[in-house]
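Structures follow.
Two complexes, one shared chain (chain A), two partners (chain B, chain C).
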Partner chain A sequence: MGLLSLLRRIRGTQAKELRILLLGLDNAGKTTLLKSLASEDISHITPTQGFNIKTVQSAGFHLNVWDIGGQRKIRPYWKNYFENTDILIYVIDSADRKRLEETGEELTELLEEEKLSGVPVMVFANKQDLVTAAPACDIAEGLNLHQIRDREWHIQACSAQTGEGVKHGIDWLIKACSKKK
Partner chain B sequence: MKLKRFLLRYYPPGIILEYEQGGTVKTKSIDLLDLKPETDVDSVVDEITRKEPLITTSKTDQVRKLIVRLQEKLCHVEDRYFYLFKVLRAHILPLTNVAFNKSGSSFITGSYDRTCKVWDTASGEELHTLEGHRNVVYAIAFNNPFGDKIATGSFDKTCKLWSAETGKCYHTYRGHTAEIVCLSFNPQSTVIATGSMDTTAKLWDVQTGTELNSLSGHSAEIISLSFNSTGALLITGSFDHTVAVWDTRSGQKVHTLIGHKAEISSAQFNWDCSLIATGSMDKTCKIWDTDSGRCIGTLRGHEDEVLDVAFDYTGQHLLTASADGTARCYNSVTHNIISKFVGHEGEISKICFNPQGTKVLTASSDKTARIWDPETGECKQVFEGHSDEIFSCTFNYEGNTIITGSKDNTCRIWR
Partner chain C sequence: MWSELWSNLWSSIFFSILRPMLKWILRRVTGKCELLRITYEENHGSQRTKRIEKSLKLSHQPFIKQLILPENVDVEVTEATKEIMKIKDIVPEVHSRFSSSFSCCLSQVVGYKKLQNEVELMRTTPYSSDNIHHENKLLQLWNLLMPDTKLESRISRQWTDIGFQGEDPKTDFRGMGMLGFNQLLYFSENYTKEARNVLSQSHHPQYGYSYAIVGINLTSMIYTLLKGGKLRTHFYNLKQAPATIQDLHDVYCYLFQEFNKFWFREKPKDIMEFGRLRDKFHKQIIERLREPRTILQYNNKD
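Moving on, here comes the complex of A and B:
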């Protein structure tokens, strides 16, 4: 990809190109989701130290998806990537009930960011293939998603591992963007 | 005019004359770009004496000695193998660019973690962390040959000037309305030029911290810029498919180089600045005449975008690196291809010569950097070890140390 293509991606001037920011705690499954979107092999995925970017084509749109590492020490740098974001995808490990509060706090902070104001948010309740996973409605409740008034939002149960639910989520976000643009 | 002393320049070969005129000390350089180990010394001395009034007959012996020294240096081509010297866990996020100071004693790294770090090459110790930017530090430069200052350009839209010795920030240059992605000091180190995604380039005063000029005319992002050797001209390469040549004093555009059919990726002068080479997403490299602004050659052959171009120090060879995973070396005068570099398993995003012009270094998304023989195209060495793609690579002036900067957050010293 190289530094030059990074610059071409931050431009985002092409008409039907969407810049999508993929955030969430470490081990939420962001990179797996990204790779499954791009139909790539998901068997060897390691914690993301920086970021990954992929362009995925869907319904005539070029989705420029930025997957940013979620470890605590690099979360302060999420800000680097806010500019010109069309959609925020927030990924949650539905089986990690211990950190539901932590992930909720991070999401609340994101929704308060000025550069992300009005940006539609799509929450993926990931890892639904695990038996211990909380259902999407419980997570929506836990995160107080119903109180979001300043933007469109949606929660989608999914498994990045099996691919289930991912397509539905993408359909929603393309619809949300078509309305906006 | 009174000659004060001689200074020797190895790469490219040349003799710098320091002289006094009207009470001020000035310099001028005698470029010996064609000098070879086998060149007849007497004829070179004769020619210099004939053309250069500062060289009187009493000085010819000294000049002869200097030329012999240069020839000895040229003879001394070592076929060195580079070993991994140190892995620096330099940053907590991916690196962007890397750069050496002139002597190679220290180097700098820019990063997505919003810092620029200054490193001691010999020990691998961190000397300073330049903190203050609020977003990615993308473009970095030493004010070579002096090396006492560092400029950083950031996605936070500002440029900062720092002391290389203390790490103190002298100035923050504000005015761009989008990310700064390229910058350079002029050769005198009195002006910094910055290029931005806001489609303008700006010139800033090193001493006072003020804006000197804003160069507007491009209709898309500026992603590459370079001063000529006198600092009178600046070229800017843009995603609008053109390159502009600017008069830095007036801020007026001198030429617009029109011909590429897609975004420019890189724009470079050759040593004497008579030629400009441009790489483009249209898969070609073009060579332009600086004075007239006319295109004098188009180098075709790559099957995908040309991502970087580089001249050697004498300006006789030109390199192209492409997204097709190959690189090429051309004769910049005849435009004939000299060699092809085939072997990388991903796109090549950076390419450069060593200062001696005897080795070519490439950095690729296949996580390796490689050294090639420019004459034969043979791969001499593969640098393996980075766990993600390599964004930047560079030689020091002596040509005996290499730095690679990677998306894996580390940088590696090879020597």
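Moving on, here comes the complex of A and C:
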């Protein structure tokens, strides 16, 4: 027992903590993504009033993931969670073409925030399992991601529902952080 | 690890040797089997039904054991009661109340399982905007909650006035499917005054919250309570007959009003406190359901 807890403590000091902020419009799939990262059941999701937080272990990192509700009424509270963010994950419902412009505007505003300056951004083009989903390259173009110069960014096609692409995204995110730290 | 082994060993000794021994002794001394003793010792209510349920579960008789299996919802209660009285040598002329007491308990137990299945089916049925019944019911929800305001169009920012997230409510039901929707509708249909009252309080400038979204989160809470068997206390106390889906919706209406009061009592700083307070409220309800006499409803007209 003593040895085990000692080992755990040594490991604990080595494991880096990362603060990850999960944002996006309502119904983008943030909570489903959070639960699928934590390997939890995703069949009982409800709309997030407020926020959820989970700690996920990955590649020796403790990822503290903050999933904040995306409805318009809650968006003014997003800024309360900016401080000390290591990575911003921005989730997009690729099948919701009507709101692509709205989600683009929200993202642009986030990238202009002083407290988030230089923070790498990972865009998940979610819901790729739906036939109506726009491909990630179209979304990148629609959001003008290629014009981002002041930080690292990456777009990843994924489906939080099936888990496809999620792991790739997390690998990128950890690499981006290792480089930064 | 040792303590776990020890407790496993202890529980297997208890259930395979000590408990049957104790039952045998009690049976000799009192002249009654365990099921019969329970019906003599307890009056109608959660305590009695839960004890019967546990006794059936721990029985070594294959016929009795299968009655309680979660997948077995087609139990013929009257027939099963007769069969058990035969197995246990219970003479109806001597123990005249057994048959009615026991069949009441058994029908409650089977009813709870049936309700769980029915609710699961409703929950996994998604809201569909291609379904005309669903669409009509959605408009009905609007009219019940906002009788003086006309909904300008089916896709409208107005939906946020009753606490949906955006212009189209259909994306908000998610994992709660038609269960979440039917409960919102049931509340406004059967407790219209109370529902409007809660809605208007949800517009409070400081302590406001999104009515429909909170409602769907409360459906999720009730679903968890039902699935974990926690609502047995309430339903077994509520009435002798098996619980119906309406009974479950009534619990929802009660909890919605209770949550609303709780929220204002807690004076949250802002809506971001919702997660914490929802969990606190959930714990309080579980605590209340541990009390054997709890019924989740308001006394008549109070």
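As a convention for this text, the second predicted complex is superposed on the first by the 166 of 181 C-alpha atoms of A that agree within 3 Å, B and C clash if a C-alpha of one lies under 4 Å from a C-alpha of the other, contacts with A are read in each partner's own complex, and residues count from 1 in each chain.
In this text, a residue touches a chain if its C-beta (ideal position, glycine included) is under 8 Å from a C-beta of that chain, and two chains touch if they have at least 3 such contacts.
Model, not experiment: these values are computed from the prediction.
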First, second, both or neither for A:Ser117, with chain B first and chain C second: neither
Touched partner set for A:Asp26, first chain B, second chain C, both or neither: second
Partner chain in contact with A:His44 - chain B first, chain C second, else both or neither: second
Touched partner set for A:Asn80, first chain B, second chain C, both or neither: both
First (chain B), second (chain C), both or neither touched by A:Thr55: neither
First, second, both or neither for A:Arg72, with chain B first and chain C second: second
Set intersection of chain A contacts, chain C complex versus chain B complex: 49-51, 73-74, 77, 80
Interfacial residue positions of chain A with respect to chain B in the complex: 1-4, 7-8, 10-11, 49-51, 69, 73-74, 77, 79-80, 83
Complex contacts: residues of chain B adjacent to chain A: 92-94, 96-97, 112-114, 134-136, 138, 155, 179, 181, 197, 221, 223, 239, 263, 265, 307, 347, 349-350, 365, 388-389, 391-392, 407-409
Touching residues on chain C, where the partner in the complex is chain A: 160, 165-166, 171-172, 174-176, 180, 209-210, 213-214, 216-217, 219-220, 223, 270-276, 278
Parts of chain A lying in touch with chain C, wherever the complex brings them together: 26-27, 42-47, 49-52, 70-74, 77, 80
